[in-house]
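Two complexes, one shared chain (subunit A), two partners (subunit B, subunit C).
On to the complex of A and B.
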């Protein structure tokens, strides 16, 4: 069954809206994270669906509440940006012996599905509010924030799982293996750029404009791996617990120069669930409430086949202005930033749009900031979760860690007092982001 | 370069037909006086569905560049590494097209250089697509 998505009016996508009406009326409490894996081994118990169920149960347990209290769920159905099975191809043999199946045969395998979850989690018997947050968990989070603030659900699960099938993520798969091209890919895809190349192209433009270089990214990427390796739930901690060095980064093989292998996030299997509720109900939850102070959205108005530096800068500037306007805070209030990093080469566009740790600079300063102390111990913690780069591709580590940081229980807890944080994904001109606070103001 | 052959649709048939005649046409919105590419059903800015096709000069500038070492497209893998550049049209620099810049060595793409359109035949169907070369080369 197709579930609705938020109407456009829920998305705060223009300036001048003032303080968000839901400011201080929605909080996050419980967080549940599944184990990670590099690829699916085709066993039912390691499937996307199984990981999603694990994450949900852990979030409910973490919040210290009963499953009966859950009356809403917002889920991102898309579970990869890479290779999926044919949507109607049957599940592997034996899958239906472990899980109850819905009409959509890839539910729980290569697509998240609310009905599949509810069918396989009989303890969630009071869920009335069901909505999809398409494409990105950021959308699920902003959708759930609006739903709780509008009283449509009181205790809401926000869920996203990721799958990664055998084989290479994009290379030689599906349409890329053909000698003809249909659909939107024919306008740009036939030039053969890998996914990171658009970002690399604009990063190159950025370096040319501001006199920066790819080498200046090294401290950021190394610090992200360090932060990620503090996270017991991260992929690298669980499967490849080796630190990387500046030399490793600088000698990484090129994918689309100036993007190398370390600038690309590693596709994995994993799932996250978060509990959103009201401040009043959170009083009996086991975890400290983290307040959502605002959210905002940007979408591109492309004129060309790829965006340009000017478009990314204008769009991320607008995002910064909208977020601060609705939250009633400014850049100087942020204790840390956790904008998206998969690909690493666009993180600085988000960061500069927010004017994070700016000393009056507007643009072209982030790579210089990376040469200073951006660690969790320092004054300007950049991506303390380690993001996708430090934990594997999910597009949600940074959101998760905003909650944990402001609860004071992050595995990579910043040393300065955590009062306000920001997280958002994914592209600098296609982004949904939230301002989080330790308190309601 | 052995590009995939694009399969035209009703929406973009005028673009590809023009390519086969060695002409570059781009959608234009009259009310906005603005070009856009790729083709869409309406203007991305104002929603005007009455877009027209206008022939442009076929001149542009190199805006940025990458060198592809790990392409997802099977037909291009044997060509790696290869250049891909973004080309800003002279008529409207926010309209961006892509190019392999035939004849330009890898890592030697001159940012800002003037380029002119050529039309390359794709092997699978013979459909031509726009490509770009350094002006005067």
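On to the complex of A and C.
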């Protein structure tokens, strides 16, 4: 069954809205993360659905509450950004022996589904509020924040899982696997643009404008891997616990120069569940509440087929202004920065839009900042979670770690006092982002 | 005419809106839309002017000259169709008439591609009986 998405009136997508009405009325407490895998091995117990159930049960346990208390779910149904099975493709043999099935067989395999979750988690018997947060966990998080602040749900699960089947991620996986880009996809692919090409072009433009170079990205990418390897739930920690060096990065093979293999995040299987509730109800949760102080959205306003540097800068600047206005804080208040990084080459657009660690600079300073101490021990922690680059493609490690940092229990806990954080995804001109606080003010 | 690609090239699939553009390529004409109301020139093909939303426009032939706005050198093919072509240079070109378009930069050194440098259109006829592909090369 299709569930609604947030109405436009819930979006905070323009300046001048003032302090967010929900500020201090919504908190995050429990966090649950599934095991990771590079690809699905086609066993029911390692499927997207199974991982989602694991994550939800861990989040509830982490919060120290009863499943009876959950009265809402916001879920991101899309579980890949690549090309995958048609929703009506049959499930592998045996899947229906382990899980109850809904009206389309790919639920729990290549697509998340609220009804599938409820059917297979009978302990969630009081869920009344159901809403989808499409495309990205960041959309699910901002949707759930609004829903709790409006009293539509009191204790809400926010969920996103990822699958990764055999096959080429952007060409076709599973039943959609093709040897060529024939079919409907061929028109868009006539120039042969890989996924990172647009980002690579705009990064090249950025370097040309500000006199920077790709080599200057190395400290950031290396630091992200270091931070990711502190996370016991991350893909690299669990499956490839190998640190990378600046030389590794500089010798990484090009995908679409100036984007190399390390600038592209690794598709994986994983699921995350987070619990949002009210400050009053959080009083009996096991974990310290982390307050959501504001959220905001940007959407593309393209002038041509592909975005430009100017458009990305304008959009991420607007995001920074909207976030600070609604939260009532400024860039100097941020204890750390956790904007999206997959691809790594657009992370600095987010960072500069927020003016994080700016000494008065507006643009063109992030790669210089990367040459300073951006570690978790330093004064300006950048992406302390390690993000997608350090943990695998989920678009949610950085959100998750904002909660953990402000609860004081991140595996890569920053050394300075964690009071305010920011996270958002995905593109610099298509982003949902949140300001998180250790307290309500 | 030269062929700039080696692989099994995906062929564009014109729609009623884009058909005049692709018909023009067969005659080596790079056609753009010009708004009859505000004179805005735009690419890609659309049913209305993106500047003033007027629905009346004419097709005008571009000079085929422009400057390189940005680029990326693709070394990992987007799909197997492009595998034999790597490395190839994906380009964003600002046309003399104003619009910006995506294409490939051909007959250029991937290690020495000047952003802001002049480029001109060249045509690949060995794609389809119905159209030619517009690429760009340093001028």
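Note that in this section the second predicted complex is superposed on the first by the 423 of 441 C-alpha atoms of A that agree within 3 Å, B and C clash if a C-alpha of one lies under 4 Å from a C-alpha of the other, contacts with A are read in each partner's own complex, and residues count from 1 in each chain.
The rule is short, and it goes like this: a residue touches a chain if its C-beta (ideal position, glycine included) is under 8 Å from a C-beta of that chain, and two chains touch if they have at least 3 such contacts.
Remember, predicted model here, so these are calculated numbers, not experimental data.
Participant: Output check: A:250 vs subunit B and subunit C. Expected answer is one of first, second, both, neither. What do you get?
Facilitator: In the superposition, A:250 contacts neither subunit B nor subunit C.
Participant: Is A:301 touching the first partner subunit B, the second partner subunit C, both, or neither of them?
Facilitator: First partner only, subunit B.
Participant: Between subunit B (first) and subunit C (second), which does A:189 come into contact with in this model arrangement: first, second, both, or neither?
Facilitator: Both subunit B and subunit C are touched by A:189.
Participant: Examine A:177 and indicate which partner it touches, taking first as subunit B and second as subunit C; both and neither are also allowed.
Facilitator: First partner only, subunit B.
Participant: For A:258, using the defined touch cut-off, is the partner it touches subunit B, subunit C, both, or neither? Pick first, second, both or neither.
Facilitator: both
Participant: Once the two complexes are aligned on chain A, which partner has more residues of subunit A within touching range, subunit B or subunit C?
Facilitator: With both complexes superposed on chain A, more residues of subunit A are touched by B.
Participant: If you lay the two complexes on top of each other, which residues of subunit A touch subunit B in one and subunit C in the other?
Facilitator: Of subunit A, residues 170-171, 179-182, 186-187, 189-195, 197, 200-202, 204-205, 208, 253-259, 303-306, 308-309 contact subunit B in one complex and subunit C in the other.
Participant: Once bound in the complex, which stretches of subunit A touch subunit C?
Facilitator: Residues 168, 170-171, 179-182, 186-187, 189-195, 197, 200-202, 204-205, 208, 253-259, 303-306, 308-309 of subunit A touch subunit C in their complex.
Participant: Could you list, by residue number, the parts of subunit A that touch subunit B in their complex?
Facilitator: 170-173, 176-182, 184, 186-195, 197, 200-202, 204-205, 208, 253-259, 301-311
Participant: Quick one: in the complex, what on subunit B touches subunit A?
Facilitator: 3-7, 9, 34-39, 44-45, 63-77, 79, 81-82, 84, 86, 88, 92, 94-100, 107, 111, 122-125, 129
Participant: In the complex of these two chains, what residues of subunit C are touching subunit A?
Facilitator: My answer: residues 8-13, 43-44, 50, 69-82, 85, 87-88, 90, 92, 99-104, 110, 115-116, 133.
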